[in-house]
């Protein structure tokens, strides 16, 4: 199980976490290569459907990250996102999805090290959880090959 | 839409990327991705030969989409968009994959890093299939400027703009110009007269033909966007006037806080406990005396009253420490033998010449004592007859850890500065956001400190955070430089990455209107749909994620683009 | 029942309203919606405890809207729906007249949303006991058991979208499932598509669902999908202390926020 | 009683020297580098705080100024040039004036004219006595011998002893030090040890030589006192005592010369600031040894009878020393410092006992 390399996708806002990940790069902080970033203008833009679709496309874990409260470049996008996450997380938990595979975080443009820390710890957590077999079966049972 | 013909360029960035990522293998492998016509790798894509390579390929292979796989788009997206423009290709038909900051610099396994780079590039290619040419909107700029608030920063801005022969409308709520500054006797650190400085400025304001002054006037609503704002004002004793202007300067300043809630200081209870503002007026009148007319023998100045305190204002009011030192100096000149006590939480004398003022003051037999602002504020009680003073301040002195009594005949409270009563309305009218402390939020706290997230609206002076006169004046001049630049250009560009509504699908629930932080969405009652003003829209996309029927999408980050990127990223992994 | 008929007749005779939406007797001892447009038709109107359907679903149908001013015989669910729809700017005070009957048989007539708000604030808005218990039971299960529970149910879904049609809050001009660029949800009934559809449906109803239960009643496969909505109703109530359909003038939960919304999972 | 802050106390302390307390902004560097400061007795910063705030009771009851041996490191390292070392010195002068019941110490420290007047008065008195004794060598030297004994006895019993009691009152009683009686007994050895060796000086960095000089002077001074008073060096024929007297006087003479030279050169931190009384102390000590030395030489060469004025000069210096400098001047450091260390030890044991009790 330990040599399992999880697929993790991160949905981040461009102003804080993307910039924070850039800072981790310029600071040459090393972290696990499993997480791949998709850039959004704001966490407010991140539709919950993207999270679901990430799992449908074989992700073992999903990170969503943006600006700390009160630091949103667009003033309030992260607050709206937070409300959405709270409801969404409760719902999918109720549906029997493994919410440990969802990581929500605030990482500012100055927190390069924090980004690396989150990537490393979440990757390790997912590695311990193993591949998301339950969801994969769901996908397999689906007759349609294309997921979009 | 024409069939995508994609050119992909994988950058070595010298050894920065090439050392950890097999760039040649990446460029080779992605040749197989559908719609890729050209795939190259090169030492430095951002260099002139690198950019020329793209331009030549666009012409030679009729490329209509470009993907550059290099560093962070936050660094070079603009560079390559310009390259596309040069090649007469719409700059938004471009996407970057970040294989440096997010890959080669943070990973140690070359095979893994190369694999990740391939996934990132493939995702970018897949996404760019759905890119569309976007138009950057251009709006004409009305050369007039509206200034809200006639304090020192508003006056400075007005005079600067008027001197450049441009129209200024100055709106002031009170009946006189000068704001908070007009009530100050001397400035710190050089103790020079404010009135001598401000008087001539106000005179110039009144005489200048380019400045329309509206005293005792308030603004109810502003409509429009950068370059084209409008408002209707009703000046006192005058008719309704319609004003049109291209830029707005908000300089409403701050007001002093009423320290009554801090009961331990007994403000309102003891007649000789006064605020710094009241003391400043005393100085201005030239008569420092107790309420009964006698001269105080023991004077205590208490710092941080309502500042740096979670229950009142968490921020530092910034000027009060140095003002308190100024008071100590002025008091010493007035009463050479008086006992002067300064009770402070932290002595913060930033700015040029202010630390020196502290040193000078400390040599004038002023007693400095420290208190714990967080847990243990000093308290004031009435003195007994044999105490030989009016009041006793009970102080847990922080440095000596001693509980002491300070005799006082007069106590000056250095009160906090806070947002004015109408700050919320002004913020709403101008479309600027306030932070939790009712201070205006700047566009970027470091790199764009006078602009706001609303184009064409600038906030200057202490309404953005407590400031000294020089800082307020610098901000005013900085904003003016920006405004005059915009006026000189005549037009303003608005980014093409905005949200747009499909009015056939919109069902008029108006949720998007309540989430938009820029008031960029309005409701068209006739058609029963929401309408986005593309000039006001900043492209955050919060409305997009909220719109249930998917009536709203966003240029440059559409649902189609993002799902394409996501699918490719995971499937190519 | 008589008082309703009497008032409905008056309204129709005086031409105050053009149509009365109410309950009538359906086949096999069921209750169905009827649309009374002539005074003599009021005799068909019934109202008792079996009238649980949420008639507010018809308020937004174009065919009905075109007739003119409406009168609706509303149970509590319908009243709450009306308030929620009003807060979403879908219906307006002047287009509508509501009649209802209290549990004691007293006729209520609401002329404005404020009246409805006042009445609703005194009504029981709790979830039905059976469903509450089911939610508690599900919450106590392990994640895998819950997953299995829903997979068993959702595998029966035939994507008829009866749940959507029955829901008075599902009034979108175009539903998310009707998109193919991107194809958010598969057209045919597949397990994953069914799963994603229910997430979408519930998320879209988050903070808006008035827990009328119409979705589950409509489901031909008896999938307890109302539990998903109810769970979200509980979440919203617990986290933000807001119940949908209690105020005609507030922003929806998902389009508003508090800067100190509490959560414990964001790192 | 809660202590009252007093902004005017600095005016009083200022009479004893210009300290840099206004410049101090309490970084604490002085205390951090001081080799003598300890948990229970933090200085010099703490004393600065007391001065700035005008906490007279705290200052008067404090031992800290006495625990400092003025190595000058703090003054060298002070980022604000607030000169803590000298301030501690000023505080010692202030405390001497506080302990002194006659008020003369304060007067002499704060007024140079008063000091000069007193010196002249003593000189005239000695010359007056010489006049009464008709300038008879024998009887003047006999008077000198008895004067020494009575002066020492008188100063000790009338001034020094009451002042030590006053010091005890201010520091131990008013400072509310409650220590068991055995602590006072236990500390006596330390009192004597510190009094004669000043061994704490050694804790200061690079201070061994200064300590050595100081130690030699103290021993030499005591020996000189012993030889002149009890062995009556000037009247004896005993060769051992004569040689001892010569050597001791010579040693004091050499080392005090070095001290004077240091104050002139100002190359050490301790020597940079000199109050008139500092000059006086070393110069008088130097002159004391020098005149004693020369008087003995004149006795041995039988020239004393024709040069009686020489003995009178010696006697004048001796009288000024014994009546003015010893009870009111820097000499009292010898006493107060060792008692301060003694009381401080007692306070420390009281604190430890309190901690243990709680």
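Think of it as A, B, C and D in the order they're written, each chain with its own count starting at 1.
We adopt the following convention: contacts are C-beta pairs under 8 Å (C-beta built on N, C-alpha and C of every residue); 3 or more make two chains touch, one makes a residue touch a chain.
What you see is a predicted model, and the numbers here were worked out from it, not measured in a lab.
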Notebook entry, point to check: Going by the contact rule set out at the top, which chains touch both chain B and chain D?
Noted result: none
Check: Looking at B-C and A-C, which one has the bigger number of contacting C-beta pairs?
Finding: A-C
Item checked: Chain centre separation (chain A, chain D; CA means) in Å -> 77
Notebook entry, point to check: Just how far, in Å, is the C-alpha centre of chain C from the one of chain B?
Noted result: 44
Notebook entry, point to check: Between chain C and chain D, what is the gap in Å from one C-alpha centre to the other?
Noted result: 97
Note to self: Centroid of chain A to centroid of chain C, CA atoms only: how many Å?
What the structure shows: 33
Notebook entry, point to check: What residues in chain C touch two or more of the other chains?
Noted result: 176, 182, 254-256, 259
Check: Mind pulling the chain B residues that touch 2 or more other chains?
Finding: 436, 515, 546, 559, 563-564
Notebook entry, point to check: By residue number and range, which residues of chain D touch two or more other chains?
Noted result: none
Next item on the list: Going by the contact rule at the top, pick out the chain D residues touching chain B in the complex.
Entry: 2-8, 10-11, 22-23, 25-26, 46, 49-50, 52-55, 58, 80
Check: In their complex, what parts of chain B are in touch with chain C?
Finding: 436, 504-512, 514-515, 523, 546, 548-551, 559-560, 563-564
Item checked: Residue ranges of chain C in contact with chain B within the complex -> 88-90, 171-176, 179, 181-182, 204, 251-252, 254-256, 259
Next item on the list: Spell out the residues on chain A that touch chain B in their complex, using ranges where they run on.
Entry: 7, 9, 14, 18-19, 21-22, 24-26, 28-31, 33, 36-42, 44-48, 50, 53-54, 57-59, 70, 73-77, 80-81, 84, 116, 147-148
Item checked: For the chain C and chain A complex, residues of the former touching the latter -> 135, 138-139, 143-151, 176, 182-184, 186, 188, 190-193, 195-196, 198-200, 202-203, 206-207, 227-228, 231-232, 235-236, 239-240, 253-261, 263, 265-267
